[in-house]
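Going by the order they are written in, the chains are A, B and C; count residues from 1 in each one.
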Amino acid sequence: MADTLTNHVSARGLRAPRFSLRQREAIEAWLFVSPTVVGFLLFFLGPLVAVVYFSLTEWNLLTQQSTFVGIDNYVDALSRNPDFWHVLRNSFVFALGLVPLNMSLALMLALALSRPFRGVVFFRTIFFAPVVTSAVAWAIVWKFLLQGEAGAVNQLLAVVGIDGPNWLREPDWAMVAVIVTRVIKMVGLNMILYIAALQAIPRDYEAAARLEGASNWQIFRMVIWPLLAPTTLVIFVITMIGSFKVFDHIYLMTGGGPENGTLVLAFYIYEQGFKFFNVGYASALAMIMFVIVLALTVVQMILRRRDMQ
Amino acid sequence: MTLTTRQTRLISRTCLTLALLVVAVPFVFPFLWMVSSGFKSATEIFGQPSLIPRVWRWQNYIEVFEYQPFARQYFNSLYIAVTVTVLTLVISSLAGYALARMRFAGAGLLMLFLLSALMVPEEVTIIPNFFLIRWMGLMDTHAPLILLPVFGSHGVMATFLMRQYFLAIPKELEEAGKMDGLSRFGIWWRVALPMSRPALAAVSIITFLFSWNLFLEPLVFISSLERFTLPLALSNFTDSYGLPLWHLQLAATSLAVVPILIVYLIAQRQIIESFALSGVKG
Amino acid sequence: MTSLRLQNLKKRFGSTEVIRGVDLAIEDGEFVVFVGPSGCGKSTLLRMISGLEDITEGELYIGDRLINDVQAAQRGVAMVFQSYALYPHLTVKQNMGFGLKVRKVPAEEAERRVMEAAASLKLEALLHRYPRELSGGQRQRVAIGRAIVGHPQVFLFDEPLSNLDAELRVHMRAEIAALHKKLGNTMVYVTHDQIEAMTLADKIVVLRDGVIEQVGTPRELYERPDNLFVAQFIGSPRMNVLLAASVERQLATRGLKIGSAHGIGMRPEHLSVVDAGAGILRGTVMISEYTGAATLLHIELESGETVLVIHNGQNTPRIDDAIGLAIDPENLHFFDGKGEAIRPLQRAA
């Protein structure tokens, strides 16, 4: 075996290696993660630090200069500017309207579609279709459908004798409209997560409960719902955070109106930052949004930990 | 007369199906109405409602391309989405692999940092990113539409998805690769990646759609018509008073939505599973 | 020269030390088997030789070359994994040729080597199948073939037969022995199965808790174990060990002194049944297990201890029979209070 490969590598290997195997692995690993780390520092961590700084300054559009103003922007938001509380209220109304509607519909659809029957794929495909559709397209079409008297929705309602409101022109109805259309757009995602969770529950539990004479409702209430709790928690937080982020949907359907009736936090940040160039104020708003999202995440982690114990 | 089990089951099945059909109406109707209205004239659109246009106005589909450089905008979205997808696949699978399989100082801290990025909406960092992009001289280019998704929370999500998948690959297979003379990079490329096709497919699907549907970033960074992406272009079909030109807007929206829907109908199982996979992580 | 030298090798995972100073010399062309109970560190030691696990302390030489920090692929070793680790996305042929391709061996040369290995392992008909389409034995052969084609200096086997059924295991054991005879390479083999160790090894290394208990030929380990652990680990069923005090009197009548011995070992196959009163031990048959070739007798001695005897002859005693047990004094093993073998005493006998 004069031609063994190993003979010539061994000749090469006689030279003492520069790094130990452990060191080499660490160097390689950092090379592997380097694009992610650089991007993360540049486009996420850096900006996150910057937004804290920005929120403590005031930006002069003309001179392109910023001056340090301390917590002025926060004081502005929390006490001086009446818009802020209105916007925050809108954001919470939106979230508190959307989350329960979304989750209960998702759960009901999942319960109906987690067992095989004819048409299950058909219905799943339909309910999930809006998820893959662009939010912009979805908002445009619904805005079209929800126009005053000429809109298709009101025309349909007229057929059954209901005189529909001018959905997007009345503040309260506009909020209802954006919530409901957003739920239709996104419910498929939660439905799929619930279906996956339901299918992971061993059928024996249900069979055992049924043998003990439990009704369908009792089985759901006492067996299935408790077993779904971890999934429900995750879905709750994802959906809640998602509802605070909602921007394109509202931008296109109502533009925040009417009478700022659908002006929510994400939209307000955009408006203050990029329309009025109140960079400092918008950054303070961004920080407030960050804190809300962070609080939700922490709550989730605490609940999840308690769940495990 | 009492019903047999079979009869009650048949009845409950039928009721369920009917209920689902009713619920399905607001999910399906917008698509149908969108396509049909895209073929109507500006006047018919507000006339007597009918799902089938009285006159099929194919002209709309020509005007869409005349009103603004819609073909160019369409292409922009396509190439940006493909670029974002390819870059995300490479970068997230490299980092995901290192986090799953390699031992290095700082790995735990890095994981923690990345996890925190998962939760933060892009609205929080969009203002500093605006100044950063302007400082880099990349305003009104497609660079931010590529960089921000690749390195933002979506890229992090992809990284964790890949990491989770790599963790499930038997370690001995990679060790065999090592014994066969593969470098770390070689193991990643020739052993780990070929075995992770389902995860790569999932990341591709959700990343492509994420980029395709992106709205806030184009809105903030892009100002020239010919650099618009589709979502921006769709929102731009207005007359001189700023009122929507519905017939053109809906025709254009159909052009943007229908191809995606067709792909979705063909590959619905794969696409739905991809979202389920990413959602569980989130 | 493909001898291996392990000098005071140590391996720590965090604060737990799993290999606690191993010294070992492996000669060129030797078939060495690491054996020991699970968790003894035998696999870790093999992986340290392969380069898959780094060395915390100590030195490892292949030939004259220190290879502590040489990458796995450049050590000139090939490994056969317990799970075979065949790439599921490659065919048998691609699996076998993969390492050659990575090392940029010219295509014709690689093809030749793969075909050669395939022929010698009778894999020609399977070359275009995927691993999932193969039986366990076939996968095992592909894994060996993959190791062969690289012409390594040293073959490493990590419990390669543990995923096979009993019959196939015997068959593959013979194939590996034949392979060693044909190639003449140095081979290091890890197993927890002492029959595998005995049948394959030129030299057995018995490990426990990260240290070597004994190194020797199968015969040496069987006939002259260094300590109680090795004595009971090698041989099946395991060696009976009685308190020296309980047989002191009977041994003395045959002119055998126990000296400082604390325990006395007798292998079940060395004890023979004699009439009650004859032999060196007396007892009652409690259980009798007929296995076809022999009968396993569980004997309760007068001291209350139980011994196992393999009875091959006719006249199998029945349960509750009182019997005597005889043994050739050559086959007695003496151990001190710490379990170390006492050799001079045995020789004096």
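Convention: a contact is a pair of C-beta atoms (placed from the backbone, for glycine too) under 8 Å apart; a residue touches a chain by one contact, two chains touch by 3 or more.
Given the structure is predicted, the values throughout are model-derived calculations rather than measurements.
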Contact graph of the chains (line, ring, star, complete, other): complete
By number of C-beta contact pairs, the top two chains: A-B
Chain located farthest away, centre of chain B as origin (C-alpha): C
Intercentroid distance (Cα basis), chain C paired with chain A, Å: 58
Gap in Å, rounded to a whole number, between the CA centres of chain B and chain A: 14
CA centroid of chain B to CA centroid of chain C, Å: 57
Residue list for chain C, restricted to those that touch at least two other chains: 51, 71, 74, 103, 150
Residues within chain A bordering two or more other chains: 22
Multi-chain contact residues (two or more partners), chain B: none
Contacting residues of chain B [partner chain A, same complex]: 13, 16-17, 19-20, 23-24, 26-31, 33-34, 37, 46, 49, 91-92, 94-95, 97-99, 102-107, 110, 113-114, 117, 119-132, 147-148, 150-153, 155-156, 159, 184-185, 188, 209, 212-213, 215-216, 219-220, 230-231, 234-235, 244, 246, 249-250, 253, 256-257, 260-261, 264-265, 268-269, 271-272, 275-276, 279-280, 282
Residue ranges of chain C touching chain B (in the complex, touch as defined): 50-52, 71-74, 77-79, 81-83, 85-89, 98-99, 102-103, 146, 150
Interface residues, chain B side, partner chain C - complex: 170, 172-173, 175-182, 186, 190-191, 194-195
Of all residues in chain A, those that touch chain B in their complex: 22, 25-26, 28-30, 32-33, 35-37, 39-40, 42-48, 50-51, 54, 109, 112-113, 117, 119, 121, 123-138, 140-145, 150, 152, 155, 184, 189, 192-193, 196, 234, 238, 241, 244-245, 247-248, 251-252, 266, 269-270, 273-274, 279, 282-283, 286-287, 289-290, 293-294, 297
Contact footprint of chain C on chain A as seen in their complex: 1, 3-7, 9-10, 12-14, 16-17, 19-22, 24
